[in-house]
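Got a structure here, written out as structure tokens. Questions coming.
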Amino acid sequence: MAISARNSMEGVIKEIKKGEVAATVKVEITKPSLITSMITREAVDSLGLKEGQKVKVVIKSTEVMIALDE
Amino acid sequence: MAISARNSMEGVIKEIKKGEVAATVKVEITKPSLITSMITREAVDSLGLKEGQKVKVVIKSTEVMIALDE
Amino acid sequence: MAISARNSMEGVIKEIKKGEVAATVKVEITKPSLITSMITREAVDSLGLKEGQKVKVVIKSTEVMIALDE
Amino acid sequence: MAISARNSMEGVIKEIKKGEVAATVKVEITKPSLITSMITREAVDSLGLKEGQKVKVVIKSTEVMIALDE
Amino acid sequence: MAISARNSMEGVIKEIKKGEVAATVKVEITKPSLITSMITREAVDSLGLKEGQKVKVVIKSTEVMIALDE
Amino acid sequence: MAISARNSMEGVIKEIKKGEVAATVKVEITKPSLITSMITREAVDSLGLKEGQKVKVVIKSTEVMIALDE
């Protein structure tokens, strides 16, 4: 399956914690990767983002999906 | 600033594309990292996820934020 | 209430599972519907999406809201 | 690929609109389907949601992904 | 319409910027309000969050919807 | 830390509810604020949004992060 989500990183599950309806899964990413972010043009301008700049990417856990190759 | 978002990865901006109101920023992640995902308990059970298993993490670009240390 | 969210589908609740702070609700959609997706231009181009093409829409459960007409 | 996202619906692309960095894709869903939503327990209780009840599911376009079977 | 989304704040549109497919809308919130956040239990514990504590709530623009009373 | 997320509001934690893996945090916003929303151009046009108009902003709890100044 090919998907529109631009970010797909390979890794190994390190920990699973199960609640009654929610669960958290921790995955150790084993390969460096390229992350694509879509933000407002205004954020780029107001932060003064530039190619070559050191940044952090920040992602809320509820936005991360887990996939298996079959 | 400490933030509840569990995922923060260091990298370098490789490309910025600006539209009128939206923009995409591509960041090369330079260090291996641990990604936390919050999904339904049902997804964990139905995919049969287990510690030690090889998986992919998949993230939509609209969910990725860029941060700068000041 | 009119809302900017482009996707609204009528259905019937089939199952509710309650945890302490989270809950899952399963809704059977009873009418065919038109779904709008906002993705990166790059995803459209790289997947080669075209009008008339058969696709799947994929949505994480944490992004789905439930509404009641009053 | 199997994915943790609980919602996957088959359809046909009806319209694609491309901006410089963002794009919208409209998909006509051709089969009835079961949608899973993860919300707060409090929302279930305060709306008085019950199995058998008629509801709407509401989804923001930025949360909808497009996938292709290969 | 009653909705599962826990956060609804009244305000006045201050600025609209339109691109070809995306748009940004800035709303000045005119009343103080109570914001509900669902995060991982781990984030609460690791940040040491406590009732009475001063915090910031942070929200990505792509997650904010606009609604009209009719 | 400066972040691309356009929305940051100061407040005080009123209530924390902890489940096994998820938690909800309620924050009373103590200052009026300006909220930025990124939606489809189509939503702006079809709702007829205009500067000066009274609206509501609606946000799902799973999209709200909590941050601490350090």
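Labels for the chains are A, B, C, D, E and F, by order of writing; each one numbers its residues from 1.
Here, a contact is a pair of C-beta atoms (placed from the backbone, for glycine too) under 8 Å apart; a residue touches a chain by one contact, two chains touch by 3 or more.
These numbers were taken from a predicted model, which means no experiment stands behind them.
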Legend entry - Intersection of the contact lists for chain A and chain F: B, C, D, E
Legend entry - Fraction-based call for chain D against chain B, same above half, different below: different
Inset, instruction - Round to the nearest whole Å and give the separation of the Cα centres of chain B and chain F. - result: 20
Inset, instruction - Please compute the C-alpha centroid of chain E, do the same for chain F, then give the distance between them in whole Å. - result: 1
Inset, instruction - Could you list the positions in chain F whose residues touch two or more of the other chains? - result: 1-6, 18-24, 36-40, 42-44, 47, 56, 58, 60-63, 65-69
Inset, instruction - Could you tell me which shape the graph of touching chains takes: line, ring, star, complete or other? - result: complete
Legend entry - chain B residues within the chain C interface of the complex: 24, 38-40, 42-43, 60-62
Inset, instruction - Show which residues of chain C lie in contact with chain E when the two form their complex. - result: 1-5, 21-22, 38, 65-70
Legend entry - Residues of chain B touching chain A in the complex: 3-16, 18-44, 47, 49-69
Inset, instruction - Please give the residue numbers of chain A that touch chain F in the complex, ascending. - result: 17-20, 22-24, 37, 39-40, 42-44, 47, 56, 58, 60, 62
